[in-house]
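The chains carry the letters A, B, C, D, E and F, assigned in the order they are written, with residues numbered from 1 in each.
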Amino acid sequence: MQNRKFDLLSLGEILLRLSPPDNERIVRGNLLEKQIGGAEANVAAGVSLMGLKTGVISKLPDNGLGLFAGNELRFLGVDDEYLVYDTEKDSRLGIYFYEKGAAPRKSGVIYDRRNSSIAGICLEDFDENMYKSTACFHTSGITMALGKQCRETAIEMMKRFKENGTLISFDVNFRLNLWSGEEAKKCIESILPYVDIFFCSEDTARLTFGKEGTVYDIMKAFAREYPISAIASTQRTVHSPKMHSFTSVIYDAKEDRFYEEKAYKNIEVVDRIGSGDAYVAGVLYGLLCPNGNCEKALKYGNACSAVKNTIPGDLPSLNRKEIEGIIADHETVGYHSEMNR
Amino acid sequence: MQNRKFDLLSLGEILLRLSPPDNERIVRGNLLEKQIGGAEANVAAGVSLMGLKTGVISKLPDNGLGLFAGNELRFLGVDDEYLVYDTEKDSRLGIYFYEKGAAPRKSGVIYDRRNSSIAGICLEDFDENMYKSTACFHTSGITMALGKQCRETAIEMMKRFKENGTLISFDVNFRLNLWSGEEAKKCIESILPYVDIFFCSEDTARLTFGKEGTVYDIMKAFAREYPISAIASTQRTVHSPKMHSFTSVIYDAKEDRFYEEKAYKNIEVVDRIGSGDAYVAGVLYGLLCPNGNCEKALKYGNACSAVKNTIPGDLPSLNRKEIEGIIADHETVGYHSEMNR
Amino acid sequence: MQNRKFDLLSLGEILLRLSPPDNERIVRGNLLEKQIGGAEANVAAGVSLMGLKTGVISKLPDNGLGLFAGNELRFLGVDDEYLVYDTEKDSRLGIYFYEKGAAPRKSGVIYDRRNSSIAGICLEDFDENMYKSTACFHTSGITMALGKQCRETAIEMMKRFKENGTLISFDVNFRLNLWSGEEAKKCIESILPYVDIFFCSEDTARLTFGKEGTVYDIMKAFAREYPISAIASTQRTVHSPKMHSFTSVIYDAKEDRFYEEKAYKNIEVVDRIGSGDAYVAGVLYGLLCPNGNCEKALKYGNACSAVKNTIPGDLPSLNRKEIEGIIADHETVGYHSEMNR
Amino acid sequence: MQNRKFDLLSLGEILLRLSPPDNERIVRGNLLEKQIGGAEANVAAGVSLMGLKTGVISKLPDNGLGLFAGNELRFLGVDDEYLVYDTEKDSRLGIYFYEKGAAPRKSGVIYDRRNSSIAGICLEDFDENMYKSTACFHTSGITMALGKQCRETAIEMMKRFKENGTLISFDVNFRLNLWSGEEAKKCIESILPYVDIFFCSEDTARLTFGKEGTVYDIMKAFAREYPISAIASTQRTVHSPKMHSFTSVIYDAKEDRFYEEKAYKNIEVVDRIGSGDAYVAGVLYGLLCPNGNCEKALKYGNACSAVKNTIPGDLPSLNRKEIEGIIADHETVGYHSEMNR
Amino acid sequence: MQNRKFDLLSLGEILLRLSPPDNERIVRGNLLEKQIGGAEANVAAGVSLMGLKTGVISKLPDNGLGLFAGNELRFLGVDDEYLVYDTEKDSRLGIYFYEKGAAPRKSGVIYDRRNSSIAGICLEDFDENMYKSTACFHTSGITMALGKQCRETAIEMMKRFKENGTLISFDVNFRLNLWSGEEAKKCIESILPYVDIFFCSEDTARLTFGKEGTVYDIMKAFAREYPISAIASTQRTVHSPKMHSFTSVIYDAKEDRFYEEKAYKNIEVVDRIGSGDAYVAGVLYGLLCPNGNCEKALKYGNACSAVKNTIPGDLPSLNRKEIEGIIADHETVGYHSEMNR
Amino acid sequence: MQNRKFDLLSLGEILLRLSPPDNERIVRGNLLEKQIGGAEANVAAGVSLMGLKTGVISKLPDNGLGLFAGNELRFLGVDDEYLVYDTEKDSRLGIYFYEKGAAPRKSGVIYDRRNSSIAGICLEDFDENMYKSTACFHTSGITMALGKQCRETAIEMMKRFKENGTLISFDVNFRLNLWSGEEAKKCIESILPYVDIFFCSEDTARLTFGKEGTVYDIMKAFAREYPISAIASTQRTVHSPKMHSFTSVIYDAKEDRFYEEKAYKNIEVVDRIGSGDAYVAGVLYGLLCPNGNCEKALKYGNACSAVKNTIPGDLPSLNRKEIEGIIADHETVGYHSEMNR
């Protein structure tokens, strides 16, 4: 599929993220930092920054904020061909307000994303060529949880991409404030037959899908029930809002083999939001890049996620050379240079 | 009514205002200034800063943003007894994004105020004592335009306040993006029989209410048809986004007399938003203060509005001593001190 | 005393705090953050944020800075009925400049608080009803150290509140730069007969009051000598300017029982100033809330202090729901959610 | 040429612009605003924002600053296909420092653009298809003045584009600090035989090219000597650094007709830099858009330039709808709405 | 006096100036800009920036703020040899809070300068060599008004400098908030016998010194009564807080000749504070520079003052080359370049 | 040499340092912090802040940026007598862009220092008296690596200072991006015969100079080969970009004695750049102060470096009293006060 226009298209909501500077609280203060985020857009941005061709499928209000969102994605090299603009009178960009924590105060989020333009996304907004334009299609459970029309569109798109030989990637990304565990389980089980690359945390596997045993048992169980070729599960340890460790496990179903590496320890967390999406981006890059495989997926995924934690905002800011340097350092014992210069 | 707890209660939506610093555009940039506004809250704040006791009747989401709104009003001395908090899952604070213009580029607004908590305000949210607690009740056409439930609540409140001997103040504040001229006309004509103090711009009187003749003819026409005691109409000249002139006319229906004064010229506009509400605040202060009358209303109204133009944000920042100094300067010919020190 | 207007009135100086952003030094740079603080005002603000009715008794200059101080307290829900304004020509707000440290550089303070308006506070500034309006009165050794007139006023107020059946709370808050240990000892021992709730650090008890033995011996000694019902002593471990641990001991004299709990470890300190006052606020809330007792005092006190360390500025920003979540997390072993959303 | 990939490709240096905020001076202060500019990139950005497909041909250092420049252009919708990256060890992005004036203090610029990556641009950096990919090619005298290699590359590109049926646009943009008037004259006269659309200020025409007579005489003289089809000349009146008026004259050589309109008066200048480039962008849009002609060029050019003056930074931020609203207002006598909402 | 170490020493208080950014008010907001000012220090800084050797005689607290003040003066090239540091426990730097106005709101100042370290300045703080080290000594009425000790020290210094053949410069700088007109008159008349260069506004001459007639009559009257060689009087027209015009008259007593020039019109005022001191600096530079005379004094004085209005803060930021460019532009009819590049 | 004007003159390039605020990346964002740095200037500033008289020998462009650099050094008390200004047309200040890291992302630097004014520095720029004006002369390998003319000037200056009885201090400061290890070795070995005080890291001694054995062996080897009296080597442990430990070894060749002390642990790193230069400054202060010796050098060196890590920017901000407090704390077991107040 080298000759397709895109390596990756992702489908999902793009949100306006507003957050007080430093450790200020939402309930006080006079400034907000204005950024763009959204699980699937974060993934496309990460893969784009690593060097592949990506785009986002989404619907934005036809106003300055919608354009800002599209512009920010283009800034990161994400193509805007499949961003459609909603000219309805009350069209709006979903918003979330994010407040950074410090132990023992947790970070906090206020969502204000109902009735945003993405809720009205439909198949008619896009032409049929889209389904043949990409090597991989990615979306997440958040998109499924944004209302009936959005879910039906997403599922139908997934099917059409699949029919056109596209790899399907899906991240469960369970959000209790958007839907219940039961709703999630029912919906996601209905689409797993189409999924090739599956991201699911151990907690969600247990609590939402009722899986049991070790993380290895869980992964194998999914692979037995559905024709998934790769399953990835992150393993984050939150020492405090400002200090995490991170690694992951990837299961290659065809090879029946697990890939693991030692954790990135003592990550100095600047902004944790989007580090899960950066993981997905790294994994997809590792699979979709020339000679991609699960081992690369693991290394790129872990490194991208570790680095994202040090970057303010949802969206990653990184490049392949930097990530490969981080991987090399991670694998090296002994002298590390202190600075890139 | 000296013995009532409040001199003024106003009813209306409190919005989160987000605006880029300086002359930056909404479609770019990484910071937004976070402020609170809303026509009726602006009025209550202005009257409070002039020295009377005021409160706002409104409904806010029970989250950090709703609390921020309430806190900011308390900062200005506005009582929060009648701010009720909406604990519904998707309760939200209405938002508007404001971009400052510079000639020939106009200022611009993006509204995102649908489905905010105020839309669900109802009589049951407040106890009956409220209707006996204030000398004056103020609301505006914006409140009427925020949906059926909000409108019905507002009209019923107006009636109950009136029954309890409260002065009723109403500002037409026509916003074409909220309702049509026809809807506005029908609704407002139905409530004018309850109104004592009426604010209506000359343009709106002509275009929406179909009045004709001079501004004096128009005012007299309203006073003939309805039992209004004072009618006020602002007269703003916009030389450019950064330079305005401002004055107004007030008609005292009982005395059948018009009050006017020379315009404040060459106002160096820092932020025009809320200057109309500051006018209403000044007028109400002039009427409600000890020995209040239409002449004071005119002077305080014009000065408050002129000063508000020089203050960033929707909400005024002023005090009675300052306003009286501005009025004295406005009326003085000759030497003016250059600085307050 | 449910029917009193206030749950808590505190008496003390309100200061303007000016501090360079981030880790900038006072001797350089072009910006200062402008905030309000003061031990007793911080306490009133904390108790107010937890949901009780509080006010501050203080004297402020009648200028923009004095008003700013009053406004900021109202922002936090603190009543301004007993803030009196000083119209003397050279009236001033006390100021302190605060520079944040980073190991091994300590934080530093420059005080500029002499001759501030509070120094002239007198009984005649307040009417007699004040003494019957609150369930609890709080002040601290800082107020005693601000000069003869301020001290005499504070002591006389304490007596009048006591006569009216008010609980008296006192925090030693020893500051060597304001008075000597000897002066402090003599003054405080003269007022301890009126004190019900007493806050004294172990170090101060030893160095200033000459107490000996364990912290338990010290507390019992105070309770033997004076009719104090509750004594609280904080236990802070400063690992570095950016990392503290915190807990405390409270002695219930009537029950002759000590309350303790495990420390909050690895607090990520954003701003340590005011965390002692937040402790006092939490303890007073725990005692004054419905069904209050020393156990609640301990839990709320420790949690409020731990959280305050993560908040920029002197004044706390917190609420009861958040604090109860922090307490629940502190007491839970095992899975903690990473974020509030 | 509807079927070409681009409507416009421009060739030129992209600079990092660093400027103190507000009216701060370069010789003081601790912050610089970081933006991107450059005459030809500004033109491409303006045409892109108006809705046509554009790209920039340039050479950037292969580091974070070079990528930033490319990202900012993509943010504005400009394609980066012909941005090539210079991996030489000392490759650098040209910089200029800009200080905003206020009467009687002029704005000031410090250039630090020598030895930047563009100086090494050569034909081999680009493939031959480029010359067939655009309807119009634009560059300016600045590019000619950046050194021998850059000039020769530019001239050769101009010829190849011309050979492929591309419209050639050229803006004299004379900068005395880059080359002498004589050098400029000699170089530009050698390329005028290839130019279709020519931008030259009246002053430069007189001082550098030795033209005489009225502005109309000058334009006709150029058109007589060279096969230029459209000549445009701006007419700016600088009342003060913060207040300008602006209009222009366009000569349609084929029709032998001059296009003029009344000036935009009292432009509230926020940032004058780039307003000449925005003029070129508006003119090119007016010529290249469907049914384009010199009348449209005049209107779009003047409006784009007027609006750019109100936008911070070199790069424009505007859109076609807004510009058409500005034009409509400019042509309307009487009532103008004060705000876009 | 070419061989003296300094061209100018000035004596006066150095203040910390704190002002809200943009048009924010003192009563609100969370940031203050931190700068240094003071009439006599502003003068020394201006003369230093023009290229002469200057120092300030003052007393500062021995803390970070005092050092900041000294550092800022050194930044501008002012020597700190005669800055002495006050190690008293409560030593403090005087402060003033400044709020920028916008018509019709005036700028405002809150002074907090009582009991600052300068109040204790005495002859013993400086060694005798100081009196032989400078060609000119400057101070102002503000220094005289800062208390008995400060005044006596200032007068005695003036005498000692005079005895050593130093030119004495004095600016009345009347501040009603520091002393009464009567006090000022009595004090200043007692020192005028020592003054060579005298700055006095027409208003002050009339109101405080009881002079009558035209500005020329007034100047001649001073020159008749006292052995003053040059008298300067500024003429500022305040169109609004953001727009002034400025010129001045200088009387050369020996030549009995008045120097005047046309006003700088439409000065775009960024910060008016210190523009009077910049005038004094320009005049002193014009007199003290090689071949100095009253004509140069007039030109440099007017230009320095005009430019200072465009600079944020009290202290000037300018240089001789820039000022001479401004003068040249001021004197030129016709084409002016728009920008320095 | 008490009677020399300077205690220290250092020779080196002064750079403009531009860095994104907080953890923002160079490739994004709209603001840069503007500071001054440069290894040798940092050393002079540190020694000046500790209380000795210092100056910097350098060449700066004659524009606002060059003046800014000189002003910032004067701000820190560094004399500008030997800063010469380059009036060539394309004179420029070298720049470096610095991005702060967070584990596992390293800090990064982009240099843009080629062709800066220092490259043209020559003996003729300075008069002969300079060589007799200072007790100590310091430069570093960076100056040697800035090109042939700069190197030759530096070596010749070193010789002339030496001839005049000046102590010569030299810091290897090896930068691979400026020259190769071989070039460095050859050049530095040629100047070591003139060096009295030598700073060389263990890594550089091994990799560049081919030294072997323990750090003690290495130091002795240098002392055997060259007439160096003191050799210092830092020992930094980088736990993460935000957490370092630091100590050093100093070898007194005459006494044949090593000085060492326990490390400063858990330094909370705010800005690591310049901490090596602060070490040199502390060592030189310890040697050059009254009764200076290697033991003082060690203590001051380690403390200055530890503190510099907590200060934003290249340049130190500290004073002798503070450093001595840090040393006392470092040497004390048991109770440390938490704050300086």
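Going forward, a contact is a pair of C-beta atoms (placed from the backbone, for glycine too) under 8 Å apart; a residue touches a chain by one contact, two chains touch by 3 or more.
From a predicted model like this one, the values you see are computed outputs, not experimental measurements.
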item	value
Third chains touching both chain C and chain B	A, D, E, F
Chains in simultaneous contact with chain B and chain F	A, C, D, E
Result of counting contacting C-beta pairs for A-B and A-D, higher pair	A-B
Distance-maximising chain from chain E - centres being C-alpha averages	A
Copies chain C and chain F touch via same or different residues, half shared test	different
Rounded Å distance between chain D and chain E, as computed from the means of their C-alpha atoms	45
Mean-CA-position distance for chain D and chain C (Å)	62
Overlap residues in chain A, where contacts from two or more other chains coincide	22, 25, 27-30, 67, 71, 75, 108, 177
Of all residues in chain C, those that touch chain A in their complex	22, 75, 264, 266-270, 303, 306-307, 309-312, 317, 322, 325-326, 329-330, 336-341
Chain E-touching residues of chain A, taken from the complex the two chains share	29-30
Residue ranges of chain A touching chain C (in the complex, touch as defined)	22-25, 27-28, 101-109, 111, 175, 177, 238-242, 272
Of chain B, residues touching chain A in the complex	18, 25-35, 63-65, 67-68, 71, 89-90, 92-93, 95, 97, 99, 108, 110, 112, 114-115, 177
Sites on chain B touched by chain C in the complex	67, 71-72, 74-77, 319
